[in-house]
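In the two assemblies presented below, subunit A is common to both, partnered first by subunit B and then by subunit C.
Entry: the complex of A and B
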């Protein structure tokens, strides 16, 4: 049995970095468009800005077929449990980009009706400022996400998502016990967390 | 002027009135409201554009329910205000105007004013078990959320990177 000369055909690396390299270059976006940011998003996806250059070409309108949630616009308290369910249904591993100030912090809507930042109910990886942000800003935000993906470890991402599932289980348990609607349950969880100075419920 | 005709046909029904550049408003009591609506329907005011309410808070009765009517032939508009006290009901117009259905549900949802005779008086915008009625003056704007009105959230400013775009 003769020796096989492999030369340059073998490269050593870490599993994390090669998997993350694949992940960051094939993001499948799911738009959760609720306001004007979604209009900028259309521009970002189409020919002038051409978001598909970054490997996120296949836009899917089903959470089951996507792994990057783009929240584009104002999210009301009534939408909060809907957003949580959509995030829960997405294929793992999954990332969230809060596009625009409304999704990031509630923006100018400082009222009872508006969720003060989607990071209170779902984990957010990148916040893109602007009202609405220009397509370049959104692209830069996703480039930041790609950089973050290339740095993260596979297990930490899994644990990060697992924390959200635990909060969803807490929500369902609470809903069963109180007999309240999902809207009111999430609202009360957010208010109670706020009373304790906590930003988020997950 | 339709207000004069209302006063002639239904004496004493108009509690107050004003008109400014064709913007005609009458105030009528809740118990005679349906008479007025039936009369102006015959006069041509056959479209109910909107039902809303005003919370006067310190006044008694506390609320004004405001109806906007449009005369489709003459294009005249008429606003009817019905003062209503807290907990008292206003007669529903759903049997006369289909557009009253959701408008009245919205007023019920946001002001807590019940409409007598409405076929499905449930909340329109807020969820069913939402506590309180948000457009009342005594409802806090932030809905009790400390993160809403005060800056107590964690600041991400030191970690933010410059975008330079």
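Entry: the complex of A and C
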């Protein structure tokens, strides 16, 4: 018997790429549907566009069972702490897709009541433009997220999420000290960050 | 050992071995391995109840309420049955006059219970 050539039978890989391959093909979406993008999302999940082809078969309505937050629509300032709480309650590792211009930048709602982009309060990975975006656009957005997942390192994702939890701890401490409601605190934090030229509070 | 039982000793041993292996598989796969493999990253926010992102008004659904509700529910069922019984009686009343006295005795019986409940203070909410 001759020497066995391991190259013919054994494949080596990095842990990051194996884990990321599993992660990107088994996303569990949680819809945070607040506007018309959620209607397009229904179409995206249904048979015609069939989003389950990309591994995101099971739609979950509880943050405990999901790891991809799809923010579909306008988020007002009062909803900002709600969005933060839901993101905080999701299972790790987790990703956020801002679907539509309202979630990405406030869109046409350039008002005092609307959060000018959810990336001010939660870490966003992919922005999908459109008002509302077509299901193909949203699918393309999630495919971009899958590409990003396959490139990222496990520790960087962990630190990324940890930064958010630190900002949540700051928010809660501030809320206790001032006795204000959650949305007042988040609003103040967003405004203060804006005065210092920052775009986000996390 | 009793010679009648002795041939079954290997069966007993096999049974115990099967139990032991089964228990070992359950303990290793259900307790030990998950503890080593599962990601464990508890956060205060993750441990709070999910109320659509809004801070919960009370922790969980196991809050207590007054025992007085049980008394009210019991009295309600008693007199609700009485009221429900009055309807078919009213339909039959014209044709059979003796049902008038039968129903009157039934109401009188319940009236005793009503007066008793009243006298005991079961109808006083603030007590």
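The rule we apply is simple: the second predicted complex is superposed on the first by the 193 of 202 C-alpha atoms of A that agree within 3 Å, B and C clash if a C-alpha of one lies under 4 Å from a C-alpha of the other, contacts with A are read in each partner's own complex, and residues count from 1 in each chain.
The rule we apply is simple: contacts are C-beta pairs under 8 Å (C-beta built on N, C-alpha and C of every residue); 3 or more make two chains touch, one makes a residue touch a chain.
Values in this document were obtained by computation on a predicted structure and should not be read as measured data.
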Self-check item: Touched partner set for A:136, first subunit B, second subunit C, both or neither
Solution: first
Practice problem: Return first, second, both or neither, reflecting whether A:199 touches subunit B, subunit C, both chains, or no partner chain. | Solution: first
Self-check item: Contacts of A:191 with subunit B and subunit C, given as first, second, both or neither
Solution: first
Practice problem: Quick one: classify A:64 as touching subunit B (first), subunit C (second), both or neither. | Solution: second
Quiz item: If you stack the two complexes on chain A, which partner ends up touching A:159: first (subunit B), second (subunit C), both, or neither?
Solution: neither
Quiz item: Once the shared chain is lined up, is A:85 touching subunit B (first), subunit C (second), both, or neither of them?
Solution: second
Self-check item: Dominant toucher of subunit A (residue count), subunit B or subunit C
Solution: B
Exercise. Share the list of subunit A residues that count as touching for subunit B in one structure and for subunit C in the other.
Key: none
Quiz item: Can you name the residues of subunit B that touch subunit A in the complex?
Solution: 125-130, 134, 139-149, 152-154, 156, 161, 163, 165
Quiz prompt | Of all residues in subunit A, those that touch subunit C in their complex | solution = 62-64, 81-86, 88-89, 92, 165, 168, 172, 182
Quiz prompt | subunit A-touching residues of subunit C, taken from the complex the two chains share | solution = 39, 41, 43-46, 48, 50, 52-55
Exercise. Flag every residue of subunit A that touches subunit B in the complex, lowest number first.
Key: 77-78, 105-106, 110-113, 116-117, 120, 127, 129, 134, 136-137, 140, 144, 180-181, 183-184, 190-191, 194-195, 197, 199
